[in-house]
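Both of the next two complexes hold chain A, though its partner changes from chain B to chain C.
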Partner chain A sequence: MVNRLLLYLELIRMEFVNNLAYRSFYFTGILNYSIQIGAYFFLWDAVYAGNRVIGGLDREEMITYVIIAWVVRSFYFSNLDRRVGTDIREGKIALELIRPYSYQMVKYARSFGEAIFRMLFFALPAGLAIYLIRPFTLPIGWDSVVMFVIAVLGAFVINAQISMIAGFVVFFTKSPTGVYKAKRVIMDLLSGLLLPISFYPGWARDIIQLLPFQAVSYLPNMIYLGQISGAAAFKVLGLQVFWITVLGLLAHLFWRFAVKHVVIQGG
Partner chain B sequence: MAMKLPSSSKTAARYLTIFIHYLAQYIKTKMAYRWDFFIHIFTEFLQQSVSLIFILIIFSKVPAIQGWTRDQVLFIYGFFLVPFGIYSGFFNHLFDVPEKYVLQGEFDRILVRPINAWYQVVVETMRPELLVSMIVGIIIMIHSGSRMGLVPVWWDIPLAAVLVAGAALVYAGVYTFLASLGFWTEGNLGLMPMVYNLSQYGRYPMTIYRGPVRFLLTWILPFAFVGFYPATIVMHRYEYMGYALLTPVVGIVSFVIAYLFWEAGVKRYRGTGS
Partner chain C sequence: MKLIEARGLTKEFRIFSRSEGVMGAFRDLFHRRYRILRAVDGIDFAVDRGEMVGYIGANGAGKSTTIKMLTGILVPTAGTVSVNGYVPHKDRESYTRGIGVVFGQRSQLWWDIAVIESFKLLRRIYDVPREDFRRRLQQFDDILGLSGLLNLPVRKLSLGQRMRCDLAAALLHNPAILFLDEPTIGLDVLAKSKIREFLKEINNEYKTTVILTTHDLGDIEALCPRVAIIDRGKMLYDGSVDNLYSQWGQDKLEDIVKRIYMGQKPTSGSAGGGWDIG
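The block that comes next holds the complex of A and B.
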């Protein structure tokens, strides 16, 4: 047990160090995210002309929402789906099967190592740079900060699990790029990255509330803004735990099925 | 000019034949993974739908953005999708040049063939199925155009065709320029996603951007000409006519500058030495 834990810790460290070699790559990443955030900033600034309140958010809150959503995304984002998909496509999964550790845990550990790196060299500097250009609202109290940080960690896990499942789907469709792209597009829309869920029409909100995606972006952002606080914030964390359990189970089922039906392409 | 353009109809026919051969090979490889191919087209539609939903939801909350109505913004987006489709189908993969062609030395193979190098890279990396965005764009334009009571006139279609060609040349120019940088840097600079995101600025009215950003999008990386400016004239709003009519000029100038830069890069190319 302890050995296992040390192994995963070592993997986290390894991935972190690996990423250090590509520091400059993350510098362009920050610029890239800034351009992306800039596009939404200009758009929302124009939409909110006349200082109205839309979907429960005023202009400042909306701009903060967009910035936080993208900065947090720069932390939790990973290529886990691609990595799993590639293992499947290239038949590397066969090798993984004979190794004495959990395939999924190894992938999660490496992703987490990358995420820590991204937090230090991407999310935090990007947040700071953007704050210097266009100050945004900071959380009101320490309790929202703490809850927000925990919710962001939950968001990382849920996003990683969804990516893992997307990777496993490649087993069935044999169509990697299509699956990754579909996953990204669905996440952008349903997680609340593009638009707060409160903007959607009632029927769409009812559906989105039954799905795990909003726990990745919308709910943590609302905690940051203080729109969800106190007992409601604890409920969000509870919801995240619920989805982590369900998605973990689902990923496990996919994995079991995939292992039973493994087909190595072109082997 | 250093451009080796097809000098006679015979050369043009040869280039066309080569295109058809590449296309035939492309279809064969795609049909081997039929599912992948169709899922790909489907996800392209999905992506456009998300952008569409985004616009529709915003306009369900506000009647207009700085005087631009829902249908006008949709029309601009629809127009934008047409040159964007051409770009996705033919020029997007110019971003392979720094890594795949320069760093890994694939460019050797290109240079020993008696066909224009740029043309070869484009037809080798094309993804013609992504032209579907054009269809989506045309449908959006027809829908929003009819909703705003746009009465088409005979010159709309030839004008739109010229503007789309100009806009596509802007894309070709910018991406050729970025690809050419690979001959100097010998590796990927990671600029492509950045420029891609910047190109997306072109699908909204320029009036929402502040001075320096608008200047950048008009005169430096002229993505205002891939959507907004030309779209306004096609939907018969004439405040930006001067800019709109400049679209083909901006396209040609961007592409010529980029192509000269590309030629200079090709001269620098020395292979990987292995």
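The block that comes next holds the complex of A and C.
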């Protein structure tokens, strides 16, 4: 048990060091995010002309929401779906089956190593730079900061699990690009990254609330803004735990099926 | 109790056969037709501890499929298999601690990181005590000459260098059984002989059981007193190499194997021993 923990810590460290070698790759990423955030800033600035309140958020809150949503995304985002999909398509998954470890845990650990790197070299610098250019609202109290940080960690896990499942789906379709794209669009739309969930019509909100996606972006952002606080914030964390359990179970079933039906090309 | 024991081991693959033309493509949308390919067809196979067995067969004969079942990667369609006291595909996490696997066509080392980092990670994965790790690495280095390679990332290694590192990686945890799937494929004469020498020494010192598939009969001649020949999923011969020579009365293993692949039977009298004509 302790040994496994050391292994996963070692993997986190390794992936972090590994990413240091690809620093330059992230500069383009930062540029990309700056353009995205800039565009949304002007968009919402125009939409909010004349001090309105839409979907429970005023102009300042909306701009903060957009900035926080994208900065946090730069932390939790990962290519796990592509990695798992590639492992399946190229038969590399066979090499994983001869190792005495949990394939999923190894993937999650490496993703987390990457996420720590992204936080230090991507999310935090980007957040700071934006703040210097255009100050945005900071959380009101320490309690919402703590709750927000925990919720963001939960968001990482849920996003990783959804990506893992998307990767396993490649096993059934054998045409991966469609799966990756669908996952990306669903995540961006239903997580609240592009549009706060409170902006959707009632019937859509009812559906979205039954899905795990809003726990990745919308709910943590609302904790940041102080719109969700106290007992309600704890309920968000509880909801995240619930979805982590359900998605973990689902990923496990997919894994079991994939292993049983694994077909490696050649030989 | 044999170390490896397989009975009636069978693996079938379901292959989707595509219909021709546009109409065919439409038909396939609603009704898929499958063809069953029996890659391994009821083979029996037993190996004792410390044996070195060569496993040969023409391309597509079912060698790799057998290896993949023995290593727990593929689940057999029928038959039983027990290796080192485990059912490979069932007790995967405990079973794989006791085996080492090398695929000649594919490296198991992490592509972007230095070889030594991969080794250190493997030490963690298999819980190898630090002292054992250091000692084995030293020993492997003596025979395989790894020292110049350890700080390079795998992508910068030549095929021969990579294979030496892969072999060392598969043995760091001192497995009871080493599975090698075409370990000398694409290697030059010198690299091959180095690897053969290494395998001999490992087998000698640690009594490691070695199962190796190959197309290079030089590997068999140098390493394996026993050879198993598979063709179209069926075991054609399983016995000593010496016996093969005496049955066929020829002096080149290559000629003998060529004849076997072509479906011929030995001409000289003693056609009994080892032949499994089913």
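Convention: the second predicted complex is superposed on the first by the 264 of 267 C-alpha atoms of A that agree within 3 Å, B and C clash if a C-alpha of one lies under 4 Å from a C-alpha of the other, contacts with A are read in each partner's own complex, and residues count from 1 in each chain.
Just so we're on the same page, contacts are C-beta pairs under 8 Å (C-beta built on N, C-alpha and C of every residue); 3 or more make two chains touch, one makes a residue touch a chain.
Here the structure is a predicted model, which means the values were calculated and not measured.
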Three-chain arrangement built on chain A, chain B and chain C clash or fit: fit
Chain C, chain A and chain B - angle at the middle CA centre, rounded to the nearest 10 degrees: 90
Touching partner for A:Val2 - first (chain B), second (chain C), both, neither: neither
First, second, both or neither for A:Leu194, with chain B first and chain C second: first
Contact breadth on chain A, by residue count: chain C or chain B: B
Partner chain(s) touched by A:Gly38 [first = chain B, second = chain C, both, neither]: first
Distance in angstrom between the closest Cα atoms of chain C and chain B, superposition on A: 9
Doubly contacted residues of chain A, that is, touched by chain B and again by chain C: none
Chain B-touching residues of chain A, taken from the complex the two chains share: 25, 28-29, 31-32, 35-36, 38-39, 42-43, 45-47, 49, 52, 54-55, 173-179, 181-182, 185-186, 188-189, 194-195, 199-201
Residue ranges of chain C touching chain A (in the complex, touch as defined): 13, 60, 63-65, 68, 71-75, 92-94, 96-97, 99, 101, 103, 105-106, 108, 112-113, 117, 120-121, 124-127, 181
Parts of chain B lying in touch with chain A, wherever the complex brings them together: 33, 35-36, 39-40, 42-43, 46-47, 50, 53-54, 57-58, 60-62, 65-66, 189-191, 193-194, 197-198, 200-201, 204, 207-210, 213
List of chain A residues in touch with chain C within their complex: 3, 6-7, 10-11, 14, 18, 21, 92, 94-95, 97-102, 260, 262-264, 266-267
